[in-house]
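The two complexes that follow have chain A in common; it is paired with chain B in the first and with chain C in the second.
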Partner chain A sequence: MGGHSNWPEWIYIGVIVAIMVWVGAEAWDAERLVEHVPEDAETIIVTGQQWFWTFEYEDGTKTIGDLYVEVGKAYKLEIVSKDVNHSFNIHDYVVLMDAIPGRVNTVWFAPTEVGTYDIQCREFCGLIHYNMRGTLIVEEAST
Partner chain B sequence: MVLELQKPRPIWQIMFSTHHTDVGLLYLITSLAFLFLGGSLALVIRAELFLPGAQIIGDAMTFNRIFTVHGTTLIFLFIIPFASAVGNYYVPIMVRYKDMAYPKLNAIAFWMIPPGGALIWLGFADFTWYATPPYSIISAPGPAADMWIFGLKILGISSVLGAINFIVTILKCKHPDMSIGQVPLLAWSFLSSSLIILVAIPTFAAALLMLLTDRLGVSGFFNPAMGGDPIAYAHLFWFTFHPEVYVLVIPAIGMMYEIIPRFSRKPIYSYNSGIFAFVLLSIVGFSSWAHHMYATGMSFTEKTVFMVGTLAAVPASAMHVFNFIATMWNGRIKFLTPMMWSVGGIALFFSAGAGGVANAAMPLDFTTHDTYWVVGHFHLFVMGTIAFGSIGFLYYMFPYVTGRMYNETLGKVHFIMSFVGTVLVFFTQHVLGLYGMPRRIFDYPPIPEWIAMNQIATVGAMIIGISMAIFLANMIYSSGKGKLANTEDPFGVGGKYYYPFEAKNPSH
Partner chain C sequence: MKKFVGLFLVLAVLMVIPAVDLAFAAGDEPGEYLDRRVVIWNLFYRLMTVGFTVGAVVSGTMIWQCWRFRESHPQAKPTPYEGTDW
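Presenting the complex of A and B:
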């Protein structure tokens, strides 16, 4: 410790703390909005198992690998697993939720553009984890 | 400091010695051996990912085994033993004691590392360094998985024993004339990291036992089929291993505190804020573990609490960065190899920390979690900060250990190539993560951005690989044939070295 003053360090720490408070507040606010599931969201049960995804729609139909949704509608995904941990991910819509056996995790999204998007598993789940992929198919609204 | 190679001794004399510099030398050589072993696995991983499709590794199982052993090796068999090596050499001298407090315990702690390492390498488990249940319980092939569990158990006990030794040495064996507020920052870093080990490791030790009995089928702690919960393991694991991040990084920061004032030819800007930041980090390090688990279905409140806990660690880390820069400010800096590594390490520490803030912010984490962003992020810490600090310190202590100087030009070439390589690999991996590439994948679809980023990363890794070969050659050649060091002032930076370079060597 020389005889120098410490005020530059205090200002610096003040700036860092202010940035962290700002980041935290913004993140809190954004996450609060993101997690609010719309009332009219259609529920789809997403089941992960080594090494594919199964989708069960509200009308009881099931598809494997391909998830069919309509543009402009909100969907609530209930994510479950039959064997080990997986993580359901549609990167283009920032949909990410772990599939944990014994738990039901929910996440929602509303596709905004017609097209196809990649679905992948983002949690290590064994041998074919790298190819546990699927396709999100966003179609025109039927009505 | 003892000049090891100037006075040749039979190898068994070093192996059965309990003197702190001998144990330090054993730690040093073991950790460097595992650095090269674990690093080679990284090069294999990068070569495989150069292009989509199987290149040089035939199957996904082998790939999974390779990245599991790569991570386990470099964390538990390189970083931790390397820090112990430095601690063994320096802590007793810094607190002015003749040896570690418990010399035999010290030797035992070291000798647990080779069997632990052997179990991990002979088993070659495939369930990632995180050993996620239920995969690790119901799917991971034994005996590899069981050997990994026992290996980690042994290494955990070793680090607890080492931590006890450092704490007692610093608190109880320091010279009576020396107050705790006069202990150098490098020794303070060992005190802080050892206290974290003591609090954190037992949790993982318990989790490992539960994992083992789950695998044996006699319990179902983490097995949903038997009423258990995999998330419980995640909490126990990260309660140990988030603070463990600070166990790894704090000694590296301590090493920079030794190098930077010396090569800046100025006293440290603020000794007290260094201590304060160490202590603060080791406390707030315990408030952030579940930020690894945002996507496991945690409630909004839980996530908020752990985000705040994570952001709280940032000011303490930032204080170190400030301290380093303020120390260098207006200093007559001599950019020799150890200084270059330290300054490079600070730059990458800052980058890694900035990326960490993005991870901690809840909505952003859902973009980056379990992608290559995370791989890039923590490698900037473990490689960019910890390995850089450690390698810089190795160059710094080289003349004390061997009595000879390393080749300065090759040392600088090593640094420049490693720095460029590290930036190429790990900054690129951040971007790759934003493009959505998951971690731990053996193969990937031919998406043009993914291919380009992977190729840049692979080229960077090869540059690091070549620089490490230069490093190895430099160390081996210079330790035998390098020019004799002036042990009073090997780096010509003048001033008084605080610590005698020849420790008294009482026989035990």
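Presenting the complex of A and C:
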């Protein structure tokens, strides 16, 4: 093996390790940003069950199928399930969190535009999973 | 001896991973308002850019190696393993 040099391999390994570290750091930073809930976020309990969503607000009121929020405010969703695994998804706001029986999973978001958006279960949960939908209704701020 | 080194390496990894996990886990401090769409899709596009760039470089290198070191390349030289009886 006279004259053989393996420095290209070491450069290759170094570059790969550097890229992996960078990718991990970027992903960790994004995760840290989106997981920390703002202090003034309003908590809404989101309950999934075959085959609809129930939303319970801080004042005790409940709605079924329709989630009412105000633009510019932060909302912490505590997602639970009453029967099987579901997954709560608001596609337009990149909200996606599993609803698991016996667990409380949280996710937060702050709607930026008034309008209506689709809510859909993203975990196959039985016969009518395809129609386990809801509507996010973002209203003007009340104050 | 090698077995012990391997065992300790495995144990070290098993110890280090949870420690790092704890150190970097999201704490209880309140977060700031942000548009998660921007954060998440930006991350996605950046990682896709890295992924496709690395993929292009790696597959390009492999294609070039296949082309350059084929037997029929004008500059191909037989290696000692192949003998010199061409």
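Keep this in mind: the second predicted complex is superposed on the first by the 138 of 143 C-alpha atoms of A that agree within 3 Å, B and C clash if a C-alpha of one lies under 4 Å from a C-alpha of the other, contacts with A are read in each partner's own complex, and residues count from 1 in each chain.
Simple rule for what comes next: a residue touches a chain if its C-beta (ideal position, glycine included) is under 8 Å from a C-beta of that chain, and two chains touch if they have at least 3 such contacts.
Bear in mind that the values here come from a model prediction, so they are computed numbers and not experimental data.
Legend: residue contacts after superposition of the two complexes on their common chain; A:58 is shown touching neither chain B nor chain C.
Contact with both chain B and chain C is seen for A:27 once the two complexes are overlaid on the shared chain. Of the two partner chains, neither chain B nor chain C is touched by A:66.
Touch criterion met: A:9 reaches chain B, while chain C stays clear of it. In the superposition on chain A, A:128 makes contact with chain B only, while chain C stays out of contact range. Residue contacts after overlaying the shared chain place A:94 against chain B and chain C alike.
Touch criterion met: A:37 reaches chain C, while chain B stays clear of it.
For chain A, the partner that touches more of its residues is B, with chain B and chain C as the two candidates. Shared contact residues of chain A, touching chain B in one structure and chain C in the other: 23, 26-28, 30-32, 34-35, 92, 94. In the complex of the two chains, the chain A residues touching chain C come out as 19, 22-23, 26-28, 30-39, 74, 92-95, 108-110, 112. Across the complex, chain B is touched by residues 1-2, 4, 6, 8-9, 12-13, 16-17, 20, 23-24, 26-28, 30-32, 34-35, 50, 83-85, 87, 89, 91-92, 94, 96-98, 100-103, 105-106, 118, 120-131, 133 of chain A. Of all residues in chain C, only 24, 26-27, 29-37, 39-43, 46-47, 50, 54 touch chain A in the complex they form.
Against chain A, in their complex, chain B makes its touches with residues 60-61, 64, 127-128, 130, 132, 134-135, 138-139, 224-225, 229-231, 267, 269-273, 295-297, 300, 303-304, 307-308, 311-312, 314-315, 318-319, 322, 326, 357, 360-364, 366-367, 369-371, 435-436, 438-445.
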